[in-house]
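In structure tokens below, several structures.
You will see two complexes here that share subunit A, one where it goes with subunit B and one where it goes with subunit C.
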Partner chain A sequence: MNSGVEVIKLRNVTAGYKTTLGFKSIFKHYQVVLRNINLSITRGEKVAIIGESGSGKSTLLKVIIGLLKPIKGDVLIYDKQIYKLPWRERVKIIRKIGYVPQDPYKALNPLLKIRQILAEPLEASGLDDKTIEQRVREVVRFVGLQREILDATPDELSGGMRQRVLIARALIADPEILILDEPTSALDVSIQAQIINLLNDIYNKLGTTMITVTHDLAVAQYLADRAIILKEGTIVDEGSFDQILSNPRSEYTRKLILSYYVTTFKTVE
Partner chain B sequence: MLLPTYYSRIIYRNLKKTRFKIGVGISTIIVVLAIIAPLIAPYPDEGYGYIPADAGERKLVPPSIEHIFGTDALGRDLFSRVIIGTRTAVIQAVSVIFISLIIGMLIGVCAAYFKGIIEITLNYFIELFMAIPSIVIALFLRLTIGQGLHVVIASLVITWWAWYARISYVYAKSVVELEYVVLAKLSGLSALKIIPRHVIRNIFQALTVQAISDLGSALLEASAINFMGLGLPSGFPEWGVILYEAITERGIEAFLRSPWLVVFPGILILVTTLGFSLVADPLREDLDPRLRRRWKLWF
Partner chain C sequence: MVLAIRAENLKIGYLDEEEEQVVWATRGVDLNVEEGESFCLVGESGCGKSTLASAIAGILPPHALTMGKLYIFDQLVIDDSKRNYNGIRGKIVGLIPQNPGTSLNPFLTIEDHFYYVLKDSKNMNKSESRKIAHEYLLKVGLNKDVLEKYPHELSGGMQQRVLIAIALASNVKIVVADEPTSSIDANLRAQILNLVNSLVKEFKVTLFIVTHDLASAGKICDKIAVMYAGRIVEMGPTSIITNKPRHPYTKMLFESIPILGWKRALNPLPGEPPNVIEEITWCSFRERCPLKIEICNKEPPLMLTDENLHFTRCWRFKEVS
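Showing the complex of A and B:
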């Protein structure tokens, strides 16, 4: 499904967080998390961004979804430099991205019904209530949930169901890119498998570009064709899984692969 | 859990506690008294400050069947004054808390949501108002715009909103970083939709509990302002004013010769504040289990 059209392009992106608070923050001091990131993702690709905790995966996601302005470098989504656009214009582009956050327990407002949560992304699109309701039902069915959960609140759902709700929420506005932040890390193994199958189903049926951020090489292998390995804020390795597994370019990738085999082997044992 | 369900569950759970039951009982009685005060006051006109024609003969009568709480130095029935004062007490406490809560919540939530220069400026602004004592504001307002209920309420609101703003800011700060707020922002929703739906809704439970527990303090502070003669004019049915009149007219004798002048309004202030606190305490424990007592009294 890879068409060769670049949907996301990062050029020499350096990003980080302000370290001072209060009036002092006017004088910008940054803790740099990402250094000189160059990245290009084409339409229909399945990419995994892999790295350990603190390697800058989540920061990279924030930069891509328009939440963290890089200190320097260009972020192009559909050939538009999103950080040079005002927020309103930026959001119009970002709405083409469906984002599934990391923690299904914190990503759903506990005081809203699932119906309200799912309908939220369509609110700004100006659709009428009937169409929104119809779309909500479609998407709930698509992710394998019962219609009854629409009147439930998040605390009445299990972790797996919540993750499905989050995926449904990301899909409801027909996104062209789906970004998943550790989609399985908060779930137990059997539910992990269900969610991975669901995500692959979504890819096969809708053909959306899919970017998965994970620390788990096994999950990445199931959900992506290409891997980007991140360490201490820089990309240390990049390529198809076959290429990376057979010919790792960095020492870190080699260790990562080794640890993956060790844990898998132990599990099998 | 939806908001009404949350409140009904909290009330149901706390109704098992004796303290809460007593608190609810006292508060209900006070509120009912405030509503029906003119109906049960034997001399409603005197309650509102009217000095009777036979004031000379009736002044400083000790408690009797005719005047349950006795009469004051101007011959007015103290029971009527105190009962009608309940209404002023409730109006003062509720309006101070309600207005402060709304203003404070909006400013605190805006400071947390809009970050950057707005956050810094609003926070300094909040701290500035927290530092000013309400008595000083009351004195200033007394000298500039005179006396009245609005002066008491304004002088308390001017400082109290800042406390609610600070509490709202702290609670909202933890909510705005949560992913459902980020997702709502990415969906292109405006702050006007996100703030009430995601932020205010999630901090409101904690704020209402705080507000209920502050009712007693608001009443005490309002009475203090009136007691110093800075708020309501002499003759107004308010417990602080009644005490003020007793002390200014009688001095120390009010305590020695006619103690009913200070005892009854004093007891009413005490009981009402206690009632509000007894309602609020278990609610606060519910919100923050660390406050829960590990020892048990008779209640």
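Showing the complex of A and C:
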């Protein structure tokens, strides 16, 4: 599936947040979170961005999905410098990205029914009701939910079901890139495994480029072929999982891997 | 052999006022924890494990309903609806809470946190408590600068270490840890769990740890109990439970854990735990169980399955492994 077309490319990206404290805000003053990030993701790839809390994972995602203009550097999505395009043009490109936010308990509007939540992205594109309903049902079935849940509100659903709804919402507009922010960190082990299997199913059927952000190496190895390891805003290691596990290039990666072997017991087969 | 915790048919529930019925979070738990043991209670969200931990730590909310008996070092703390934790709470049983960020008072320095705990449990004055605090902070790998700091000046891992130090400083005999690693990054979990375990061994404290993370539980505990829908479904020594689970639920849990460097297929069973609001008279795992037969319409008792004190609540335990 890897056709070698670069869908996302970051060149020397430095990004951060404006601080508005004190007189310094008269000048542009930034809290820099990401430093000189160079990154390229090709079509159909499965990539994981791994790092601890505070390493800049979420900031990197914001930059990629067009929500945070970097201080320096170029962000190219489908070969277009999105931050140099007018907003309308930028949105057209960003629509190709499906985004699954982090916390399934907070990311769904509690006042809307699941049907409305799923239909919302399609209504913006001006489709008629019948097509929308058809598409909603199709996606709900695809992520392994019953049709009955369409009339429920989010608080009637369990964590695993909510996560499936979020995945369905990201898939509904046929994205070419799927971005998952900590897709399993709020879930129990057996539900986590169900979601991991579902995401791999989606990848195998649709062939979308998949970018997962996580702090859990063990989960990442299931959801990605390539790992990018972030530490304090810089990429310290990058490569296939086999390579990272057998031959980590940075001291930090080695420590990260080691810390797993301390906790994980060995089951006897 | 002294039993630190003994529960007999313990049921804890909450009144659902809208529906005018009681929702039982634990539905008859029988449990023995020996002194000095590390005991781990594993289960998924909503199985009742946190409620059981609060009952042992003595922090059940007043509106909770209880039935059955709970002994802590032979003192009866829950006798059906009567609850009496005098001399137990904070003195014999200490707690490492789930969420370090919200468990420390934002307006008190770490030193004051120690002082209020030690004043209450051991009648210490400020300089004595400072000395003890310093000693225990060193044990958890922090230096004494931390004493002057406020909780917001510490990272999540440091806050958790402070809470561990506070729990141990008052010389409790049982430490209840409710999901001590759930809000910590995966790579720090190892450190924190190993720290808890080594300290518990050093001070000869009984550890009752509640977690959904079977992988790390298997690493540090002597005994594991697996809970499902308010009941213990399997209990026994760690090595036996991890190698030869006898309940299909435990087996499934192990097959669902992603292990770094070993990319096997994950085999979660479909479905989710049952709704605990309804009274269940059948095996609570029936709906998801691949081995179910006619007899599974009756709830099985907690059966002894071999000579190693390995208990399973499953009619078909022989077919599982």
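Everything below uses one rule, namely that the second predicted complex is superposed on the first by the 258 of 269 C-alpha atoms of A that agree within 3 Å, B and C clash if a C-alpha of one lies under 4 Å from a C-alpha of the other, contacts with A are read in each partner's own complex, and residues count from 1 in each chain.
Keep in mind that, in the parts below, a residue touches a chain if its C-beta (ideal position, glycine included) is under 8 Å from a C-beta of that chain, and two chains touch if they have at least 3 such contacts.
The model shown is predicted, which means the values in this text are computed figures rather than measured ones.
By the document's definition of touching, of the two partners only subunit C reaches A:A193; subunit B does not. Once the two complexes are laid over each other on the shared chain, residue contacts for A:G159 go to subunit C alone; subunit B is not touched. In the superposed model, A:R95 lies in contact with subunit B only, and not with subunit C. By the touch criterion defined above, A:S240 lies against neither subunit B nor subunit C after alignment on the C-alpha atoms of chain A.
Of the two partner chains, subunit C is the only one touched by A:Q221; subunit B is not. Shared contact residues on subunit A (touching subunit B in one structure, subunit C in the other): none found. Only residues 44-45, 156, 185-191, 193-194, 212-216, 218-219, 242-243, 252-261, 263, 266-270, 272 of subunit C touch subunit A when the two sit together in their complex. On the side of subunit A, the complex with subunit C involves touching residues 52-53, 158-161, 188-194, 196-197, 215-219, 221-222, 241, 245, 255-257, 259-265, 267-268.
By the touch criterion stated above, subunit B contacts subunit A in their complex at residues 1-3, 120, 178-180, 182-189, 193, 197-198, 201-202. Interface of subunit A with subunit B (complex): residues 22-23, 25, 65-67, 88, 91-92, 94-95, 97, 99, 101-103, 106-113, 117, 120-121, 123-124, 153, 155, 169, 173.
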